[in-house]
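Each of the next two complexes has chain A plus one other chain: chain B in the first, chain C in the second.
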Partner chain A sequence: MRKWLFFAPLAIFLAVSVFLYTGLFSDPWSRDSALLNRPMPEFDLPDLMQPQQRWNRELLTGEPFLLSVWGVWCPTCKAQLRFMTELREQGIPIIGLYYPLPVDPAFGDHFSLGQLQRDVQRELAYFGDPYQFNILDENRRLSFDLGVSGSPETFLVDADGTIRMHHVGDMNPRVWRNLFATAFEELQQAALVYQEVKP
Partner chain B sequence: MSRLMLLAALFLFSTSLLAGDEILPFEDDAKRSLYQELVQQLRCPQCQNQNIAESNAVVSIDMRNKTYELVQQGYSRREVIDFMVDRYGDFVHYSPPLNPLTIWLWILPVVWLVLMAWYMLRRRQSAQTARASNPELEQELDAIIDAYRSKKS
Partner chain C sequence: MIPELGQLALTFAFVLSLMLGVIPLYGSYTGNERALMLGKPLAIASALFAGLAFAALSYAFYTDDFTVINVASNSSTVLPWYYKLTATWGSHEGSMVLWVWILTLWTAAVALFSKQLPLLMQGRILGVMGWIGVGFIAFSLFMSNAFERSLPYFPAEGNDLNPLLQDFGMIIHPPLLYMGYVGFAVSFAFAIAALLSGKFDSTWARWARPWTLAAWMFLTLGIMLGSWWAYKELGWGGWWFWDPVENASFMPWLVGTALIHTLAVTEKRGTFKSWTVLLALATFSLSLLGAFLVRSGVLVSVHSFATDPSRGLFLLVFLLIVIGGSLLLYALRMRSVRSQARFELFSREVMLWGNNVFMLTATLVVFLGTLLPLFHQELGLGSISIGEPFFDAMFFYLTIPFSLLLGLGPWVRWKQQKWQPLIPPMAMIAVATLIVAVGLMAATQSVQANVALIGLLLGAWVGMSALGEVGQRIRQFGQGLAGIRKLSASHYGMTTAHIGFAVMVIGIAMTTTYSVERDVRMQVGDTVSLSGYDFTLLDLYKLDGPNFGGEAADLKVERDGRFITNLHAEKRFYTIQRTVMTEAAIHARLSRDLYVSLGEALPGDAWSFKVQVKPFVRWIWLGGLLMAIGATWSLFDQRYRRKVTRRLKVPARNEAEVAHA
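The block that comes next holds the complex of A and B.
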């Protein structure tokens, strides 16, 4: 008993050290998304470049794709454009969900679609364009339903329109390799099998 | 002195500048207080450890607007919280629900208390038995102490 008590402070110290040390490497942002394995929410939103074209859930489904939430105001989104353009060149469908900042009329702000289209075009021409098309998330309603807390965020959606992955933060080679690559291939295989079985 | 009093009196007028940030029209006071309670209790998913009342992150603005909208539509406190948790997870509310993980927050203190009580009880018992169990040694010790005292005096 005595001997055991003698080592107790050392044991407690070691336990606390290990606990705090692992804490150094834990990511306070990583938490399970509430949307995982749930169908993508319903929406009806315009295309960013051709506003007369409307997009909804049914139009997007059919094959697995990445849904990337971004905005020209977001520096990290700029940084990931180049790598995501590489992904597009590898044949991975990426759809942009444009996340506009709120405008406050009290400060003389107003939303100008023309200005936004020019900004987006310039940025994508400069850094690379990974997007098949962009959906303009007016009032950030779809982002809200998707549990988006900022940008960039990337969702992996399967052929049925179910959300399989929700990544908060930038897309880079490491994230793609460790989190997305295998899952995406599996979903693609599953979609092919599904299409073959379907008469 | 009177100058000092005047200065002190001036400070009395500077207290009413709290939370004048948003002026939202409500139908009745119950909805207003429900809204104010909710924005205090909902947590901003972007800027950690701020509630949505304090934070001016885009997502907090959207969450405040949504809360206002839902409260105006007559949603109850629970329904608004469920609506947010449905999108942003349990993280978004400051009081966590009871589930297999969080149950430990309630169990562990009780377990700790019971263990400590058991330990103290055992210690006291063993001390008592140790004292009572060896009368020969007690006598011997008493004899030694007596001898020491008589030698000293």
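The block that comes next holds the complex of A and C.
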């Protein structure tokens, strides 16, 4: 009996390595958003391109959509534009939540909406424009409420405005197929049924 | 051209390591003396070529060779020359080359400084080191090539070095840390060689001891420098963060500390044999685990390198072979080993066993705290996070019994100790402890707070007891200077390290309890008071550095109208990486640090400032430094050198008994 005790370190190590192995293939940044299955936070924010147009939660509800947090300063966001444009062509509604970089007046930076609009337009014209429209998260308040920790992040919001999925990292065919596709179709079905039942 | 030569040199080092892994081991089984003799030249040649590879990479950094991808993404022309050189190990790829070089250096050191080892043993040790080298050089060559070029389209300007790494602390922190991590490979190789030979007498422990001490000393310095660097470079005055990567370096340190202590038991008393071997395997295994955690991306940390699952997979397979293989060998060999020595319940052996219990409990706490979030997520239980409160509380409760034991331990004799003779000295130490603790309390005018009082008492207890013990030994050896000279270097080393621990405990307790901070808005001419110090903002102006711009503030500190110091704090904006760095202004004294950092610009020519007074924070690093000095002192023990001449006459086994009878 006592002799087998000498195998204990080996057994413990092997058990730990199983976790290390699976840990390799899962994304350490992925964490369950605290907002999952909760309604989207309230907000009142301007449109990026037409600031006089203002958006709020009620205006967005009615059909499931993807909310994509991004910015021109984020290279990965750039990389996902092409695939997301394909999604848009398949009829998936995608709304952008534009995350502007903090401006530090101490370094002579100042915020210019015109400049930002030109940058966004140039980038979308070049890489593809997946967005129905973009909401400008002026003070990054909505991103904060959504628990955004980096860009890009994508949320799946259902017809009632409830957050159903939260993905940190880029949107690519694999992520779409494995995580979003089925869930999105189900939500779409549910929304149709809901609309039929509704008088 | 030079980078290609570097890669070629690394390839040579790989082949040489492979030969080192095969030939001496082959010799050790066939008794082929010429094969065994080849170990030394192979180890030295391997270190030379790895050094050439590192030099080639440094040269590419120094000359801004942006055709090398690694240089382009971690350096720039505007970087000062010394940071260009240190950028060599600022990235995953570059740091692997450094790691490999250090590993081959340790191997060569074993080959050069182990003349007293039997050839057979030396061959086995070098063989094991050779295989470890093969693994890491292969990782560097095939999985993370630092010499890769981006021809023909290469950038005209580099991406610059992460500003956090542009600091003196960063110049020496990673090399020291790697010296420690990789140094434990030597203890590991000694343990494997002992396992292969099947002989676990005290000799292997005596040979492994100085190497383990040296590695431990480097790791201590490395961790301490990392803490100091974080304190001054991250800009908010914290000195330990329980970050996964810090924990990854802390675990081998804890187990390494346990190992140093059981090596003493195995060497002097011939017991704890299988336990010591296991600790030697565990220390290096935890170093490897640390490397895996940092470089594979399974954990989220501020330190992690950019990640890639194939790299992680390579390292994991390497871990499985090295750790799994060694533990299997351990299980198979150790089933037949018995420790014979007897000892009573109250004896040095049991005291050191107690040290091990605490060290390993601490390791378990760190291990679980670091990896539990990963386990939890992989079991599908959702994400959790374990932070400072958990570690702080656990370490607080562990430190109390540990320190009490540490005060008593050195007084206790091997084999058996009677209670009665220890009562008078312990009572005197207890009185001295109270006096010192109360004296420190009074001197720092700190009154309330139990944590600080407990810390002071524990620290004073350990310190007084260590001093008292060394004094008593000296008196035993003879009057005055004669006694001082007679006491062995390793005894002085031990005492110094224990006092270092005491100093660190006091520093931690005082800093955590009595640090005060204020976030204030200041304009030129404003004064803010904290802990009796008056900080006046004298001037605010623009900065213009080689690769950064920003804002600087000059302050004046006074106490009761008496001038103390001028402070200079900066907020730098690194233009290429577009990152903001806070250069805190620190005025350090043994009893306290004044710490001022610039926050954000506020409307109306004002800035927000964080002003802190941190009592005794230097004691934390002073304690670490004393521990490292203690380990170095022990290395100079005559025992480790006198053997060279003596063992020519006496056969190995008897000698061990003669030496410590």
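The rule we apply is simple: the second predicted complex is superposed on the first by the 185 of 199 C-alpha atoms of A that agree within 3 Å, B and C clash if a C-alpha of one lies under 4 Å from a C-alpha of the other, contacts with A are read in each partner's own complex, and residues count from 1 in each chain.
The working rule: a residue touches a chain if its C-beta (ideal position, glycine included) is under 8 Å from a C-beta of that chain, and two chains touch if they have at least 3 such contacts.
This is a predicted model, so every value here is computed, not measured.
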More chain A residues in contact - chain B or chain C: C
Touching partner for A:F144 - first (chain B), second (chain C), both, neither: first
Contacts of A:L59 with chain B and chain C, given as first, second, both or neither: neither
First (chain B), second (chain C), both or neither touched by A:T22: second
Touching partner for A:L192 - first (chain B), second (chain C), both, neither: neither
Common interface positions of chain A, toward chain B and toward chain C: 28, 31-32
Chain A-touching residues of chain B, taken from the complex the two chains share: 45-46, 48, 57-59, 61-63, 66, 85-89, 91
Chain A-touching residues of chain C, taken from the complex the two chains share: 274, 278, 281-282, 285, 292, 296-300, 309, 312-313, 316, 319-320, 323-324, 327-328, 330-331, 334-335, 371, 374-375, 377-378, 382-383, 549-551, 571, 573, 580, 600-601
Chain A - residues contacting chain B, complex: 28, 31-35, 101-102, 140, 144-150
Chain A to chain C touching residues, read off their complex: 3, 6-7, 9-10, 13-14, 16-17, 19-26, 28-29, 31-32, 104-107
